[in-house]
Each structure stands twice: as structure tokens, then as C-alpha cells.
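Here you go, one structure.
Chain naming follows the written order as A, B, C, D and E, and within any one chain the residues start at number 1.
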Amino acid sequence: MTELATTPQAKALHEQFCRDVMSMPGGEKIKICQQCGTCTGSCPTSYLMDWGPREIIAAFRAGMIDRVVKSNTIWLCTSCYYCTVRCPAGIKITDLMYELKRMAIKYDLVPKDSKNPAMTKIFVDSVHRHGRNHEVELMTRFMLAKDRGLPFKYWQVGLKLFAAGRLPLAAKNIRGRDELDKISAYLDAQEAKSQ
Amino acid sequence: MSDQFEPRLIGFLCRWCSYNGADLAGTARLKYPPNMVPIKTNCSGRIDPTHILKAFKEGADGVLIAGCHPGDCHYINGNYRTAGRYPLMEKLLEQMGLEHGRVRLEWVSAAEGEKFQHVVTEFTEQIRALGPLGWGEQFHDESAESEEATKEAVPV
Amino acid sequence: MPEDKIAVYFCHCGSNIAGKVDVEKVTAWAAEQPNVVVSREYKYMCSDPGQDLIKEDIQKLGVNRVVVAACSPTMHEPTFRKAASDAGLNPYLLQMANVREHCSWVTEDKDEATEKAKRILNAQIHRLPFNEALDPIEVPVNPAVMVVGGGIAGIEAALKLSATGKKVYLVEKQPSIGGHMAMFDKTFPTLDCAACILTPKMSAAGKDPNIELLAYSEVEEVDGYVGNFKVKVRKKARYVNTDTCTGCAACLEACVVRKVPSEFDQGLGKRTAIYIPFPQAVPLRATIDAEKCLTLKGKKCKQPCTTACGPQAIDFEQQDEVLDFEVGAIIMATGFELWDPTPETRYSYGQLDNVITSLEFERISNASGPTGGHIVLKNGEAPKSVAILHCVGSRDENYQEHCSRVCCMYSLKFSHLIKEHLPETEVYELYIDMRAYGKGYEEFYKRLMDEGVHFVRGRAAEVSSVALSPEEEGRLVVKVEDTLLGIVRRIPADMVILSSGLAPAKDAKSVAQTFGFGCSANGFYLERHPKLEPVSTVTDGIFIAGCCQYPKDIPDTVAQAGAAAAGALALVDNPTVKVEPTVSYIDPEKCCGCHICVSVCPHTAIQYNEEKGVAEVITAACKGCGVCVAACGSNVPQQAGYLDDQIFAEIEGAMAL
Amino acid sequence: MTDKFKFAMYWAGSCGGCEISVLETGTKILDVDANFDVVFWPAAADFKYKDVEAYDDGFIDLCLFNGCVRNSENEYIAKLLRQKSKVLVAFGSCATTGGIPGLANLASAQEIKDLVYRDNPSLDNPDGVYPQEHYAVPEGELDLPHMYDTVKTLAQTVDVDYFMPGCPPESHQIAGVLDVVITALKGEGPLPAKGATIGVAPKTCCDECKRVKEEKKISSFRRIWEFLPDPEKCLLEQGVICMGPATQAGCGARCTSVGMPCRGCYGAPEGVIDQGAKMLSTVASIVDAPTPEEIAEIAASVPDPVGTFYRFGLADSLLRRAKV
Amino acid sequence: MRYLYYPGCSAEATGKGYDASARALMEKLGVSLVELDDWNCCGATSYFSVRELDSFAIAARNLAIAQQMGDDELCVICNACYTTLAKANRYMAEDPKVFAAVQGALGAVGRTYDGNVKVRHIMDILINDIGLEEFEKHVTRRLTGLKVAPYYGCQFSRPMGAFDDVQMPTTMDRLFEATGADVITDFDAKTDCCGGMMMLTREDAALRLCHELLVAARQGGADVIVAACPLCEINLEAYQPRVNKFFGTDFDIPVMYFTQLAGLALGVDPKQLAIDKQVVSCASVLAAIPA
């Protein structure tokens, strides 16, 4: 396997990643990871990961950025924060996973088969349209976009919930929903300014 | 030597930690600018703000105070006294029109030769950037001015 | 006042200084400075001919102030001061200018180094006229020594001192000496029986005519200073007359309160309200636990202990006694506490049965322990699988950052003991790094690998009782990433041993304060210098040994105890002790009695004299920090050797060029 | 003229309180009259500068000079009186250490003029008129003295024989000093050594203060209007910045006896070269908190360190003035 | 007592029961909950993936509204909403850069937030403001003998740790002990993850996590699992049949919001607690409680 890290582009990307990660609150703690494995051992989904959080930190430190972003690890994080509260080095691993997710999206490095970025996008989109997350819309749009087989798996569950009135079809809109767009637009502008 | 401004610095070092840290920088042959003359006291807690003012008066452009890390003081908590005097001193100097950064407090342990090197190098550059202080000099012109004024301004 | 005649000596230190500094130039320049009567350079000033130069000039030229520009004063100041002294000059009229460590070795450019050397030298030339002749302060020394803490460190130190004929007071807060080591079964890596090597020392200490054992006692107050400490010790009431009690244990048999968890057995075994902590206890005397004894709690009891006691030693009226002692030196050997793993909830200690601490396992595996040395679960069955979790409460920013040093090795010892008792049992060692650094330790590690112990590199994530497979049913499961494989494993175990780290004693900070020294950031006692004075504290005359300084194993503890004893002996074997004269003094004619110096003195060396209304320095207790000088609003306390005028002169000298 | 000793008193850069305190000596003033001829005392008697200029050198036996040297006129008279006086006393805080006017050394002369004639919010000066040093009127040219950037003490201007601090010097101290001087002038006793500080008591203000002093460990600073201080206890221990420990005794601790902290007008005690820095050190040293960060934070909460610690001594301090 | 109340998006759909029972429970305890006006999505975990600052800023919009309404305590029921809102608060307090950016973004929509609104989990309010003693006084139907598995979920006290231990919370245990229930205090999986949103993106992973939780609950002999988060509740409850299908098990454990069960103990009408809207029947639980 040729490591992407050997090319100049990869080096530049690695530097960018390092800067981003080190500038997140507590990011510099990654340097003192002792590779004890508490994070991976505590992670409820690590068995599905091609590299556990511990290995992601090792790869990050070794400059193997492609390994970091091309692995499915960051997309399998459920934000349960076990790793964060248990890490003996005080590394905010959950925050690191978010940071890496953001960077992967930003630099368009998401694995093609991952459903999570689509879910994220639909979620954010839904919130911006209504001001709140409309669960039915979220599920429907996600099914249409990524998993058309989903309705067949879940029709029983769906039906029961629907019957119980727990799946209202109409979305509620908040009055100030345009504010969310404006907030994002403001932050976009700030980010553009700083670069 | 080049024409750039060479700051004149005094460094007060506590005998147990920072002086030994400076010694270690020497033993390890770490190089740093020659601008600072170290003065040893037993504890950074012995450093009286008067000493700092005296250094400025004598022409220093910057003063470094270095002591043991909190908790490591040979005298239990002498450096806590230093820690208290320093910010108040800074505030006073600021009122006196001195640029922030002419006095610097650092904790340097006996094991931190590299830190000592780093601190002195950085401090020298910091003061170089601030330029000369030249405290004594600001009084010279005025005495000439007063001589002249005395002659003509007083109604006789 | 005779005029100042300063001599300057500039050392080449081979090429160490001369290679960077233009020695001739500086020496010639120095000769021109005010008060300088002679200025010389020499290849090695610290050599005998170099020192002779100084002596000759003092004697022949009447030189009365000397500056040696050479290496760091830490290195050779004593050398040159002695030379001056030999020639009849007060040693404190000699100053060193550090032109090696602070100049030639750290400066790139030769011209710059030469200029800096001049400034460093000039500071001392300016200072010297203000130097005063100082005489070392001599104080008498009390030859007795107090050892605080009766574990292996304290016992060893006491025995060593007693062998030199010194009086030793050995203070122990428990009813018996022995400390943690008395609880252990075997010792790593030699597998000596701990009791076999410790009990002879305990009984030797108990019988030694020079050692006065103060068991069940605690130090309350320490006053005084090097050579002359005054210590108040509270001797807690045992409610048993220790002079008449024979330790026959008949009272124990008779006592009706029988289910008190035994501290010595980590609560796994039971004891009675009147008890002897363990059979080899020294002193072998009974103690009544006032919180459990029915009579002392004011409840009804027929007092069968009194009936059973032949010598009539039981005395319910006994009171605490506070005793005063005077000693010249003190050795602190107050030991450690095992880190309590309860807050580390993911390991379920205290929640799930058979999750135990290392100290509990020591008792379980000990032949004299509550299970008779049978390694068994709570239900009495032998475990088929045991997991040993390293670094519990160690190397962890959430709890203790330090490595506890002994856990890797005692864990290996546990593996061996389990394998020895139960060869069929699977043993797992879950470690981050295997630290087998001592003599024979690495070999022991290899031996355990050979014995078939499973080594899993990874810090356990959690211990759970949820079974996800039939194999896990009814057992504990340890979840861990095997970092060498990169997979998460679920290891079923019947017993989980938490190799808990060593923590400073809960009262370490207040005890250190009582004795007038400090603690490091990790809470253990702070040594005077981590490399060169690891058994001394900043308080002269107080030494430290054993795990109160930092976690260490038995050989290191014993070695350190010996070193502490030697340190104390070197002090108390002299009739007097010389104290550095760079201490503070207060002119009562000037002191206004405002108490500021009293408030800031870190060593309580300044006391307020109510009668005279002024503060007074206890010279022997003063360590010479000078904090009082800087704090006093009217500069009344002055510190010899660091007078304001001397510091001002150094500043002037340094800035004059 | 009689053959009595010659007495002069002058009021330079100061408020005039010193003059009042001389009168406050009460009947003692009769001793002055009995022993001295007043030959120059602008506040009390009509003499002109030209009269003084006409005296022989050393004509005046005792000259009390109060006020700092603020401008060219002050400086001229200081030099003149030095020349004409046998004994020149820097009288009061302003002459001794610069006093309250010394705080002007935080700014330049121009900055002060700008504040007074241009920026002061209560000012009505639409044309921006500033005082002129020279101004022509039909009657002729008017001159004002030149104001210096830096306020100076008397000793920074001329050689001074004695220093008598206080804002103002206490009357009983003045009376005592007059006794000593008169006795000495009559040849019946010695004068103090030249350069001595006179009219003071030994030790510091704390020595005269009756409040009970115990260990000082303070965790916050308070100003006197923020609480009702314990009348028996040392004010510093109650968190009030009291200059007592760094102030020469002599006033009888008048301020602290009525519940106000010492402001330091009697100047630095013997052996202290910079009163403000010394007191700053004292105050910061007794802050008590568990960590150095907290200590630093509390110490830094002292407002206006220069105004607090150098209320009377800025002109005489090591740095003397703010950077220009 | 009065608190501003933030229901969270799920309260309008799958989590209706949580919302209804929380309101009913607090009413019974004499606490008034005033719904936050025009609240928006908390900026939940998905937002963190797009841009952290967006998440903080849209969370802060809610806090700004709270400030505007003049209250400084905001009661939140959903674990994820709680963590997101509280985390935004903490990061704003700790990092001036974050605070400045959020201030700017709020300014762009004419709002301000000073950082003084306290985000409170409803459990925090129950235990620390109302107090167990007071709560117990209101218990009219003791849950004696009912084996309750207290399921806290991950973001209950993790990572904030503001009112309960980060790893081993106990507040829910104590609350139900006060009702007389037989709480499974050593419920080992009580803070393990339910799989969260992964039920849609990685069903296999999520089902496995639910399975482990259900195994642990059964091992403890649970009659009912109580949850403190809509996502946890829906995953454990609605997907129980999927778990059974996947793992060949036969779980049929009632799952309730802890507010529903606590409401029952306080004698609130089951209908008002929306217990009839649970998918796995709670009849066995209702039957076990004496009237």
C-alpha cells in the first residue's frame, strides 16, 4: 500500500489537518497518547471499524492522513463519549472524531459508500427548512437518497409508531427559521474572511 | 557586530532551580544571545521590586525573574511571593509608561536547560523588538532646559 | 576600615573558557578597575597551583577581597572559599563570576562572549566592597533521632541508627509496626516470603535497647530546627496496660464482639474488638478498638476480657498521653496508601464480587490470611480464569499521572502465585507497558511468559457481568483492546485483580506541613534534590525514606532507609552543626513589630517577641530565602550575603558596561 | 535689624499647608519671634526677591523651604535661597519627596496643559486659549515662569541640609526641630548630621499605631468605604492598603487612629530607597491563596499602584517619572 | 418553582410520550414548565459534523431566547439536546474565540446571549431542586416489587458530568428507589450506547448494541426498562422486534420514559402520561402497580 503521505499534496493536507486538530480545544493532547487502547476497548462500535480510535491517533501522528479519513472509523462514532471520559491522557476523542468528520467533508474525502454524510446533510437541511428536525421527513428523504430498501425493513415498526400517533406527517415550522440560514451565512462569511 | 539594537538585560535567578537550569544550559552547550547578565539570589522571593526599578534606572532594557516552578520551591512557597509581586509590578510599570513585556517572570527548574535557553532567546528578541528603554537619558535634556529658563523667565 | 584590595583571577578552564573568551584582554581590563590591585589569569584555577596563587596574593599583597572568574559556583565555590580561608581571609569575601556555564559555553561569538564575561566579572567587582566577613553559625546537636513510620523503611532506618549507639524513637500510628510489607505474601522477583524476612527485623526493633517504640502514636507538633527538634507525640489510649500485657491473646478469645472487619486483612477477615492485628505484631500487645468495644461505647458488657486477662492489664480508664521528645534529626518513613479504585467505576470495584484490589489479593494468597492462602472466589471456589489489570489509578490524568513503579512486578508475582497454586487456571495480564527495570526483573517477566501467562497489551476498558455468550455466563468479562492485534477482546474471568497504584497517604500534605517541608505535584514528599539529595528535605535535619517520597520497591526502600539513616547519623554524630550564615537578622532598634515578616516566613523561623514588641529570627531555623527582606516595608530584616547594597552593586556593575 | 538669627520660609510648588502647620505650633511661634528676625517669608511678611538677592551669602541662618520644584521660578528661588542660607531645610513632603504634585510626573507638561485648558469636560474655552510665557500688554511684557515636564524635589535641584517630611509636618515635630536649631545656633548643642531627616520618630508608622498587629494573610483588598473596619485590628490585616509599614514614623499615626489608612506622607523609612516599590512588595507578599495564579490575580487587583504606593514619593522614586 | 422548558424535536414525534409525561410529572410536583418560545433544533450531533460553530450558534439561539424571556434556567428532557446545549454553553465559557463567533452570529439575527443561562437536565431538577424527600412525599402508588432497569444512555452525564458521575450515574436509581421499586442498581449496561442515529445508517451495529442492552436487562430480571432519551427509548422499544429477528431472541420487555414510570408512582393518569402510545405493551407494568 502506497501511503498518500509520501506525495506533496498529502503532506500539505497533513499539515492542514495538524493545524486544525491542534487548534481545537485540547487538541495538542494527541501528542501524549500512550496508545493504551482504552478508547478502542470502550468504543461500542469499534469492532466495525477498520481502525479503532487508538489506531486513528497513531496514524494521524504518523502522518498517514489517508488512513485517517478513508477509514470508516469517524463515521461509526456514535458520540457516546466513553473514550473521552476514560482517556488517561485527557484527549477529547469524540471531539476529535467530529473534527475529522468535518475535515473529511470539507476536503471531500468521504468514502463513497458511507451513508452518514448524506444523513448529516439531510438532517441539517431539514432543520434549516423548518427550524426543527422533522423525523418523518428525515427518514423519508434518507430512504430515498441512500437506502430504498429501508421501508421494507421497517414497515412494521413504522406502522406501529404511526398508529400510536408518534409519526406526524406534517412538519412544524418555527417563526424564526430564516435566522438559522442567516447564522450559517454569517459564519460562512467569517470563515471565508479568516482564510 | 551588526548595527542592530543590543538590549541590555538583567536576569535574577534563584539559586536552586533557575541558576542551575542556566548551568545546565551551559553544560549542554546550548547557545543563546549574550545580552543578559545573571544575578543570583537564594530565592526568587528575595527579589524586591526595588531591584527591578534599580536595574531600569541603571540602564537595563529588560529584566527577567526566574524561579522554581510552583510547588518545587526550595523554601516551600517563596516563589508564591514572587508570583504575587510580579503582576502588581507589571501594572505599576505600565502606569509608568513602560511597554508591557519589559519584565518577565518564568519558572525554570534545574532540569530545564532548554527552557532557559528558549526563555533568554525569546526575551532578548522581545526586548529587541521593543527597542531601547534608556531610562536615565530622559532627564538630561531637561536640566539644560531649566538652566536657560531660569535665566530669563524669572521676574527680577 | 582598611581599603578594599580586590584580586581578580580569571580561569582558562583549559579551552573551555579561553576558547571563547579573550582571557588576556579581560584580565588586563580588570586590572584597571577601581579597587583591583591584582588581576591574573591561569589555566586551571581549581588546581593546587591555581589556588596557591590566591593564597599567596592574600598573604603577600594583603588582598582582602577576591573574585574568581571561572565555572559555576555550584562547582568550585567551596574549593576557592576554602583556599581563601586557609590563607586567613574570611571565605565570604570571595565571590565567583560564572563565565563558563553562563558565558563561554552558551555564547556563539567570541567577541560577544568576551564582552559578556566582562559584565559578569564587573558585577562581582562592584559587589565585593559591600561583602562582609561572615562566620558559619554553629548550633549544638541533640544526638537522638526520631523515625516516623514503622514500615520496612522506618524499621530499617531505626536499626541502622541504633547500631551506632544512637537513641531512636520509632513512631507508628498503627498498634504494630510492620507496615504494608507485613501484609504481603511473597516478594518479587526472588519470591522470598515477606514475613520470613520482615519479622526478624520487626522483633529486633522491638527488643533493641536503643529503640524506643512508640506504637499506636502520632506526631502532633514539631518545633525547633536542625539538631534541636522538639516533637510532641500523642500516644493513643489502647485501654490495655502495655507493661503488664503479655500478648497471650486470651482476651481475644473472650471478646464477644467478633465481627469487626480486620484492617490488616483488608476487611476480608474478621477480628474482635480487643485485638492484636496479626500474630507476629510488635509490640505484641492487645489494643481495644474504642469504636467497637461495647463497654467503651457505654453499652452493657460483662467484660469477659477482664476476666480472661491473667495480668489484669485491661484498663478502661486509660487516656491518650501527649509526650515531648527532643531529637537532633527526624526520618520520615510514613509510606503510601493503595489507591482506592472505587471512583474508577467502570472496573466495578465494590459493585461486582470478585473484583479485588492487589492488597486484597496479597491477603488472599497469604498463608496466614483469611483464606489460609487458598486462592479462592467469594463462594470458596477456585477461579478458572484470573485477569490482572495494570495501571489502575496510575498513569492517568483523571486520577494520578505518575507511574507507580511496583505494579507491573507485583502483578507478575500474582500470576506466578496463581500458577503455582492453580496450574490449570488461565491468567491474563493486561498492561500498557511492562516495566521490569530492576535486578532480575526482566528475567522474572520472561519466566512468567514461559509459565503460560497470557500477556495482553492494552488497558482494560471495563469489567462487566453481562454475558453475551455461554462461556461468559455467570462470570466477569473484561473488555480490552489487544493493541498488538488491534482487536477488542472480551476476556471471561472469575476473578479480576486491580493492580492499583500507590498513592500518597491522605494526610501527606498536612504531615509535611507539620514538619515544615513540601510535597511534589503528585502529592508525595518533596526531596531536596531529585538526583543528588533524594533522602533530604528542604528542612535541614529532616530526611525521607521509602514510599512517602515516591513509589518504590522493597530493595530501593531499604537502600533509601539506609541512606536516610546515614544522613541523620552524619548530622547527630557531631556535637554541633554549622549552618550557612546567609541567614536573616533583625535589628530590634528598627523593627516596628508589624508581623509582616512573621507572616511570610516559610519556615516559621521568625517569631514575635511579645515582651519587646519586635520580631526575632531564630537563626538556626532560618534557611536564608530572603523573603522577609523583600516583604518588610522598612527593610529591617537583612539577609547576610544578599544585602540590598550587594545586589544593587551587582546591578550597577553589570550595567556599567 | 537686631542681632537675632535670621529666618526665612518659602512656598514653592505646594498647597500652603506647610505654612499653616508652622502657625499651628501655637505659642512656639513666639520662640521664633524671640530668637529670629524674619527676613523673607512671602506668606507672612512683605519682602521682595530683590531684597533676598541683596543679602550676603549665608545671611539667612535658617530657611524652611516647602514645595516642590515645578517651574523655573521655583528653581531660581531654590538656588537663590541655597546661596543665602546657612541651613536649608526641605520642609514637608513636596520639598522632600515631591509630594502630591509629584504625581504630575505621570504626564508631561503639555499633557497637563491640554487637560486643563482643552480637554477638561467642565471647561469653557472656545478659543483654545493657553497661558503664554511671554505676553505683551500696553504696560509692557508680562512673563510667566516656565513649567517643567518633571516635578523635582528640592534636593534634586540644590544641596539640602535637612529633610523634614510630612504633609504637612506635624506641629509638635516642627516645635521640636525649632528647639534643636535654636539651641544649636546659640552654640548650646549640636546640629544634626548634614543630610539627616529631622522631625521624625524612629521606626515606622506601625510603631506609633495602636492597632493590634497579628499575622498578615489577606485574600482580598478592600477600600475604606466598602466596610466598617474593626477599630482595634491592623488595617492591613483587614485588606486595606495602609502604607504604615513603609512609612517613617513621626506623625503619631494620626490617620490610622481615626480609621483611615496611612498614605505614606512621612516618606520612606531609613534604609529604604524607594518607598513605593517597597510597599508594593509588602502588599503583594502578604496575599494568601492556595495557588500562585490566585495570588497573582488577587495582587493584581490593587487599583492604581502608582497613585497608591507613590502618592507622595513619585518624584523622589528610582524612576522619578513616567516614560516620556 | 418555574423553569423554561425545551422539549426538543423528538417531543413532537416519536418522543411524544416523554414530553407529555415530563409535563404531567412536573405539574404533579407543583413545578411549572414554560415552553421556550419558538425554540429551534438544539444543533444535535449531525451539526457537529458540518461545522462546530454552527452547532454552538444555533444552540445559542435557544439560550438567547431564554435570556430574552428573562429566565436563567432551562429544563431539557432529551439527553442529546441536553449535552448539545450544555456543551455549547461550556465551550463558549472556556474559549473566548467560540464565544465571540457565536456572539457575532447571534448579532446577525438581532439576538444576544451573555452566557448566563443554566442548562438543566430534568433529572438534575428532580434530584437537586425538588429533592428526593419532596418527591417521595408525592408518591401515592408505590412500585414495590417492580424490577426496574434504569437506563441512562450515553449522553446523560457524559461528558458534562454536571450533576451525576460521568461513568456511573446513580440519580435515576435513587429516584426509583424512592418510589419503592426494586431497582437493578448493578445494571451494568446502564450507560452503554443504544446505537443512536446509526439505526438508520448502520442498522447491524445499532441492533447489536440494543441486543446487548436487552440481554443485560433480562439478566438483571427487569420488568421494565426506563430511559431518559427519546432516541434510546425508540431504539430499545420500537426496534425490539428487529432485535429478536436479527438475533433469534424473544425479548418483550416494556420500555418507558422514566418520567412515565415516575408519573405512575405519583398517581398520574396513564393516559395523561401517554403510556398507551408505547409500542411494546406496558400492560404488565400497569398490572403490577397497585391502584
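Here is the rule we go by: a residue touches a chain if its C-beta (ideal position, glycine included) is under 8 Å from a C-beta of that chain, and two chains touch if they have at least 3 such contacts.
Nothing here was measured: the structure is a model prediction, and the numbers come from that model.
> What is the graph distance from subunit D to subunit E, where chains are linked when they touch?
Contact-graph shortest path, subunit D to subunit E, evaluates to 2.
> Would you identify the chain whose Cα-based centre sits farthest away from the centre of subunit C?
Result for the farthest chain: D.
> Taking each chain's centre as the mean of its C-alpha atoms, give the chain farthest from subunit E.
Looking at centroid distances, D is the chain farthest away.
> Quick one: which pair of chains has the most contacts?
A-E
> How many Å are there between the centre of subunit A and the centre of subunit B, using C-alpha atoms for each centre?
It comes to 50 Å between the two C-alpha centres.
> Find the geometric centre of each of subunit B and subunit E from their Cα atoms only, then give the gap between the two centres in Å, rounded to an integer.
Chain centroid spacing, subunit B to subunit E, equals 57 Å.
> With chain centres taken as the means of their Cα atoms, state the distance from subunit A to subunit E in Å.
23
> Which subunit E residues sit where two or more other chains touch them?
Residue numbers touching two or more other chains: 167.
> Could you tell me which residues belong to subunit D and also touch two or more other chains?
Residues 272-273, 278, 281, 285.
> Where in subunit C do residues touch at least two different other chains?
As it turns out, subunit C has residues touching two or more other chains at 346, 600, 627, 630-631, 644.
> Looking at the whole structure, which two-chain pairs count as touching?
Every pair of chains meeting the touch criterion: A-C, A-E, B-C, B-D, C-D, C-E.
> Would you tell me which residues of subunit C are touching subunit E in their complex?
Touching subunit E: residues 344-346, 348, 351-352, 464-468 of subunit C.
> Hey, which residues of subunit C end up touching subunit A in the complex?
Residues 346, 391, 395-398, 432-433, 457-462, 479-483, 486-488 of subunit C touch subunit A in their complex.
> Could you list, by residue number, the parts of subunit E that touch subunit C in their complex?
On the subunit E side, the touching residues are 165, 167-168, 186, 188-189, 212, 215-216, 219.
> Which bits of subunit D are touching subunit B when the two form their complex?
49-50, 53, 71-73, 75-77, 79, 106, 133, 143-146, 148-150, 272-274, 276-278, 280-281, 283-285, 287, 291-293, 295-300, 302, 304-306, 309, 317-324
> Quick check on the complex: what are the subunit B residues that touch subunit D?
It comes out as residues 48-50, 52-54, 56-57, 70, 79-81, 83-92, 95-98, 133, 135, 138-139, 142, 145-146, 149-150, 152-156.
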